[in-house]
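Scrolling down, you'll hit the structures one after another.
Two complexes follow with chain A in common, the first pairing it with chain B and the second with chain C.
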Partner chain A sequence: MRRGWLFVTTLERPSTDLVDRVVERLRGVLRPDQILTSKTDRYNRARVPAPFPVHRWRERVPDLAVLPETTEEVAAVVSIANELRCPVVPRDGGTGLTDGAVPLHGGIVVDVKRMNRIHELDLENRTVTVGTGINMLKLNEQLAKHGLIYPDDPASYPCSLVGGRIGTSGWSLIGSRYGHTRDLVLSFDFVLPTGEILHVGDGAGGKISKSSSGYQLKHLFMGHQGTLGIATKATLKLYPKPEAELSPFWAFDDYDAAYRFTGALARAGVATFAGAVLFDEYKVAYLRRDDEAYIPQPADVRALTCAVLYGWEDEVRVGGKRLFRIAKEHGARYLGDEISEGDWAARHDRYATPLHGRTKAGQVVPMSWHCEDAAVNYTDVPAVTKAWHEIVADLRRKTDVFDDWGMFAYTSADTGVDYLTEIDVGIWEQRLDDAAWAMWVKAKRDIAAAALAHGGSISACHGSCREGEVDLVPRELGRGFDVMLGVKRMLDPNNIMNPGKYLLDLAYQGDVSAQLAELRGPS
Partner chain B sequence: MSYRYSAENTPPTPERASEVAITTHEHVYEVDPRLMELHVLQQTFPNWDTLRIMHARHDHLAWMHTHFAEKTVTGSELIAEIEDSR
Partner chain C sequence: MTQTEPDMRPDALQKPFTPGAPSNDPELESYPETVSGPVPLELTDRRTAEFVEEWRNASYNCYSSGHKFCREVCPVMQVTRNESWTPTAFHANVVAMEKGELEIADIAEDYVNCTQCGACELRCPNTLFTGDFYKFRTRTVDVVKAVRALAVESGVHQPNWQTWNERTNDRTHEPVLGETEISQENVRNWAEGLDIPIGGDTVLFVDCEAAFYRTAVPRAVAQILQKAGYEFGLMGEQWCCGGPAAEMGYVDQAKRFARHNLDNWRSTGTKRLLVLDPHDYISFTEDYPKYFGAEFDIEVVLVVEVLADLLAQGKLTPTVPVDRTITYHDPCRLNKRKGIWEEPRQILRAIPGLTFHDVDRVTQWSYCSGGGGGLPVEKPELTAAISEKRLGHAAELGVDTLVSACPWSERPLSEAGDAKDIDVIDIHELFAESLGITVGGSRGTVGDKRCGGGGCGGGGCS
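What follows is the complex of A and B.
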């Protein structure tokens, strides 16, 4: 069975007999209501929001799902799966955009949603220890009673879970102020593919933010898309809940001016600066179709920049005034309080928006949202933006299945060094047949190649293990990809943990140097 | 809510907001019906439901602000403070 480009899988779906034996053994470690085998339970855990040809949904359905409630139950499930050689796929919120939570070879989906307890709130050390099935919004409702916040803020904030943020090493909208998931998670309990339990953090600590003892294993067990195991309990860093928020939006009559202004904001060194977002001309044109804030904007509004500041009110006012002075120097036009506040509040929840696109003739069609992302230095953002729009324009010329919804560039750090660049593409999923899917996979590969050609990384946020971009991971990581294969083989000797992802099946195929050389292409 | 069924199901006369959008109720924008004739057809909404959805959206956004911070500082306040300090 071929998947992707050179990638030959080593594992097929479990037989019915094997599934029956797995279920029988699981009955010894879980209650009946924790083992789900119905069609509805399985189909509901087969997909994530990333588009996929609907007619191939069946390929991704697990054989069963389980709902463990403790680390020990997760370990028992994984141990049985490893003994019987049955695939295991960890699933948290299922909101990721690179298919980490999607089974490619059936098996057991380990759904962690019942592990959603707050185990300990340490007000003196400012930490909270939680089950990884907890959602950040629900956690912050509890923390607000103590004047605290866990500031991990993805676009899926109301529906993603802490464990998924660890498995994807997530990116946060306000990460320029508070850091991203890797900075906010201090330590966690982790079930390895053999069923052994490991605690990783800085050193051996549960609540240590900086250690120089031994290898730094925490990062290894984040962002692996469920290929190395399952995080079950995590200790998180807490901050005072901000007293004040400021989220101004400014308009420009051309992209270049907005780009220069965004860079100036990010480089200003304002301590409460939590992020800036650049909207390009394609994004503004898209918003003019359907967004109540932008339909009435005058025609000379062609690009936008927004910034957001969080902190004590006196700090936010001083920092905000500095940003407004920079805005005046750059000829920015403030869009007003209503749009600024409304649009920023909507950014915390991009998954709840009903979506539709347009055919080339202008007719409305139902479309799902997909975004390709990359990490790119500030100086390369315009070139990558241009290259990506050309790739999507080529798709659009060929078919109405795809629609260019424009691009954002988000600051990733407090110095403005690099940006999460994102192109949003509407996809008419019901029309996504094999031919259109092949076009999309090629476009994804071209999009990733453009990011690499400009010195970037394939993904700042989503991960890079879907068809298309995954072919370029060995090129991006170089020798580091060989290390990934070695780590995978050592920790998961039977390839049961989320098999088929990240080209890691190559770890079990002997000498793959020729395949890797071809994937990497000419040096 | 209106007393008569017909009143609740008759939206205000639409006004053109752009080449692709119209307005009906104040602050309520809709896709131009001419663009929803083939693949997705427009649905009929009673007035109360249209306004409920709009107000619910505003409630949601206001809730989200207070979820992340105790209060919101507005840009217009800061612009006024900058101008006053000159």
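What follows is the complex of A and C.
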């Protein structure tokens, strides 16, 4: 199959004349300080932490950005854009690891960060209604006064925003206990590509957590990477702030033993179990060589498992006992309270990774961290792990621009059915050129293909709309992708909402069955 | 099966390894590099080229992270929610300059929006991860200062900063009283009646804001030191420390002022500098050593640390109860930039009668008065909004008084406090009151709201 022939980023952008007319009209609905047109305003809304072709920054720059403060203002902006046929790109935290918030055709970036108010806190029904520009950590600072927590906990917890979590259908590190964004967001206000305002949830929405009335539309408007519209105000489910945290770390001689143990923990059915993380041998080797926060372990420690439990102290205590019993049966070596608490704080509370890697010969070089993810069933995790390391090894055979920083596998659910599997790749972005970028795009496609080949999904948490992997989405979703095209065409008749993403431009090209067949490849 | 078992043609890349380890397979060195990398751009502007050369890697450390943990602790970001004015943007712009995408004229104005509080540096994952062990710290404040300096050198001025620094240059002091004339003639007026000698081994340096506007602060400091029998004098001819000029990018002026001050200390045989203002403390401990290298051998001592020490030694014992419910505002330059947070709390805990609702120093990383880094000169509305937010946090604690330890924070905080009926007082003023000292001086035009108890004893307190 010819690869990537469909996904050529075109450079068609709104003409200067159109941009002028858009700005002119926006002045009728927004204050001057809400309309940003300077170069820095635009350059700083062109990228996200996803792998970024620095050498092609200019192509991703929007024509202007707006800072609306209400749902009505968002709707007014989108109406104007729709009428004048100007692309709109929703931007929340801009912390995503796919590039939903990166403009591919210029246009207006709708930056919702000013919509960060807490509209209503309902202590009786345990909900909070917020502007989608609010950050979870800041929200939890307010909720803590009431002994409550909104437990949506991504790596970007201190900086990502509720709206971005909706737009990407985010994954939470403690989702095995509390669910993920789709479970925690009850309902939201949403501006459609025509500028109409929709309230969506289960049935009537609002504070209802389960309804059987009508189509279940909530999921449709989550995880679309900004291609269907903009969430502006959301009602969220709240929990008691956990009294106790237990985060034991165990060491193993090899990956297989750690893998078997991780599965046993996840299958144990302990109610306070919020997640388990498996560190593979490459990850431990990487931490040992390059992570300043790594607490040295004996050389025979080659793989690690950690688990985390949250809840009331009495229930965490008994749940923990059960996990330690399983650990004993598996010959797991407990690293002790101090290292466990310290390491969990380093990985979770501080969340970071060293921003340097090495060439094969050992020279330390500045690298950015990139994480490729997939959703994979437990039984397929080892095979995917092996395949992915081979893909990155192949990159390294060709160049020192890439470094293998190892893999994590995280439980996604409370039963251990599937795992967020991630490989961390160091990229020496200062050295990126077209050749290196092409290698990277191919590697991403191969990484996605490996996940699909093992019955998985291209992404558990980031989204799958980036160059490379996106070519495989029609194969993954099958007939469902045709439904996506239909929905897109119906809701966004003029293709103004985040155009160029998810191959959705196909929705406007008539009969595309031949293209889709080629993308899907032989069945 | 373990992962280390190769199952195809043996290849050194098929197992985890530590690059550079002597035991590695020599094959690792034999792979040819196939990426040639981008052709570096020749920047035509010499100043920009030098700037980029100096700062590109520091900025790249941020750019390549992209985590933006700094964002929600940034005082400016909290009130503007504008991503163009975030620490991340301040670094990304440098990378864009390296690529020739942006020029100094494109970016200079954005860099006004920073109080140089340092919160972003502490919250940066790069700092958090390695700071404890290696004292590494992301350098956002330095990048902001460097961009502002590059702007000034390149003739790109912010109008109010330009005027401010011209006037500072004319008067040798910052024009903190607006149109009211200030000069060398009245820089020591605050000390009237206190009988403090000129020069000597130890000199008390009083910043412009305290010397001319909030004179109750230096009066309190001087009288507390006198009470403890601590010997000190005043400077022969004191000029502004030059710190604000350096913060706004007027580096040559800052250096000229520093030169004058150093020469003046030499002329009076001064070996030790007592500093009551956190901003001065940064100038003398960070800027002056950079300007003068080994030539700068003056010992710099922070007053609040001296007082905590005198308290611990029993040389000062507060006995007059102060009936206030307070919280303490950690000045950014003490807490976030210098890690000084313990000594002010030791002093406050020693004062009888106080009800102290403390907020820990880490929570206070995201607090600021907005009074630093020249922000109030160029964007007073942002300073006011940041102070209002800070007073909002204080109001939630049900306090009647916010105690600060930084004269530059006290004017905007007092203005915001007025609206919430919360008094803003300096820690030295409060300590002096508890030591039975009648301070005198002025707490500025908006302070002095709660002087009925006979506590503050200020001149402006009638």
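Quick note on the criterion: the second predicted complex is superposed on the first by the 503 of 523 C-alpha atoms of A that agree within 3 Å, B and C clash if a C-alpha of one lies under 4 Å from a C-alpha of the other, contacts with A are read in each partner's own complex, and residues count from 1 in each chain.
In this section, a residue touches a chain if its C-beta (ideal position, glycine included) is under 8 Å from a C-beta of that chain, and two chains touch if they have at least 3 such contacts.
Everything numeric in this text was worked out from a predicted model, so none of it was measured.
**Student:** By the touch definition at the top of the document, which applies to A:245: first (chain B), second (chain C), both, or neither?
**Tutor:** First partner only, chain B.
**Student:** Thinking of the overlay built on chain A, is A:517 touched by chain B (first), by chain C (second), by both, or by neither?
**Tutor:** neither
**Student:** Per the overlay, which chain contacts more chain A residues, chain B or chain C?
**Tutor:** Partner touching more chain A residues in the overlay: C.
**Student:** Looking at the overlay, what does A:340 touch: chain B (first), chain C (second), both, or neither?
**Tutor:** The answer is first: A:340 touches chain B but not chain C.
**Student:** Output check: A:383 vs chain B and chain C. Expected answer is one of first, second, both, neither. What do you get?
**Tutor:** After superposition on chain A, A:383 lies in contact with neither partner.
**Student:** For A:288, using the defined touch cut-off, is the partner it touches chain B, chain C, both, or neither? Pick first, second, both or neither.
**Tutor:** Both partners, chain B and chain C.
**Student:** After lining up the shared chain so the two structures overlap, which partner does A:310 touch, if you call chain B first and chain C second: first, second, both or neither?
**Tutor:** first
**Student:** Answer with first, second, both or neither: which of chain B and chain C does A:159 touch in the superposed model?
**Tutor:** So A:159 only meets chain C here.
**Student:** Going by the contact rule set out at the top, does A:362 touch chain B (first), chain C (second), both, or neither?
**Tutor:** After superposition on chain A, A:362 lies in contact with both partners, chain B and chain C.
**Student:** With the two complexes superposed on chain A, say which partner A:149 touches: chain B (first), chain C (second), both, or neither.
**Tutor:** In the superposition, A:149 touches chain B alone.
**Student:** Both chain B and chain C contact which residues of chain A?
**Tutor:** 137, 288-289, 292, 346, 358-359, 362-363, 366
**Student:** Can you list the residues on chain B that touch chain A in the complex?
**Tutor:** The touching residues are 17-18, 20-21, 27-29, 31, 35-40, 58, 60-62, 64-65, 67-76, 78-79, 81-82.
**Student:** Once bound in the complex, which stretches of chain A touch chain C?
**Tutor:** Interface residues on chain A, with respect to chain C: 36, 38-41, 43-45, 47-49, 54-55, 57-58, 67, 93-95, 111, 113-114, 116, 133, 135, 137-138, 156, 158-159, 254-256, 280-282, 284-286, 288-289, 291-293, 302, 346, 350-355, 358-363, 366-369, 382, 385-386, 389-390, 393, 396-401, 403-404, 406, 429-433, 435-436, 439.
**Student:** Once bound in the complex, which stretches of chain C touch chain A?
**Tutor:** For chain C paired with chain A, touching residues are 1-4, 11, 13-14, 16-21, 28-29, 31, 33-38, 57, 60-61, 63-72, 81-84, 86, 88-89, 92-93, 95-96, 99, 101-102, 106-107, 110, 123, 125-126, 128-130, 133-134.
**Student:** Mind listing the chain A positions that touch chain B in their complex?
**Tutor:** 137, 140-141, 144, 149, 153, 241-248, 288-290, 292, 295-296, 310, 313, 316-317, 320-321, 324-325, 334, 336-337, 340-342, 345-346, 348-349, 356, 358-359, 362-366
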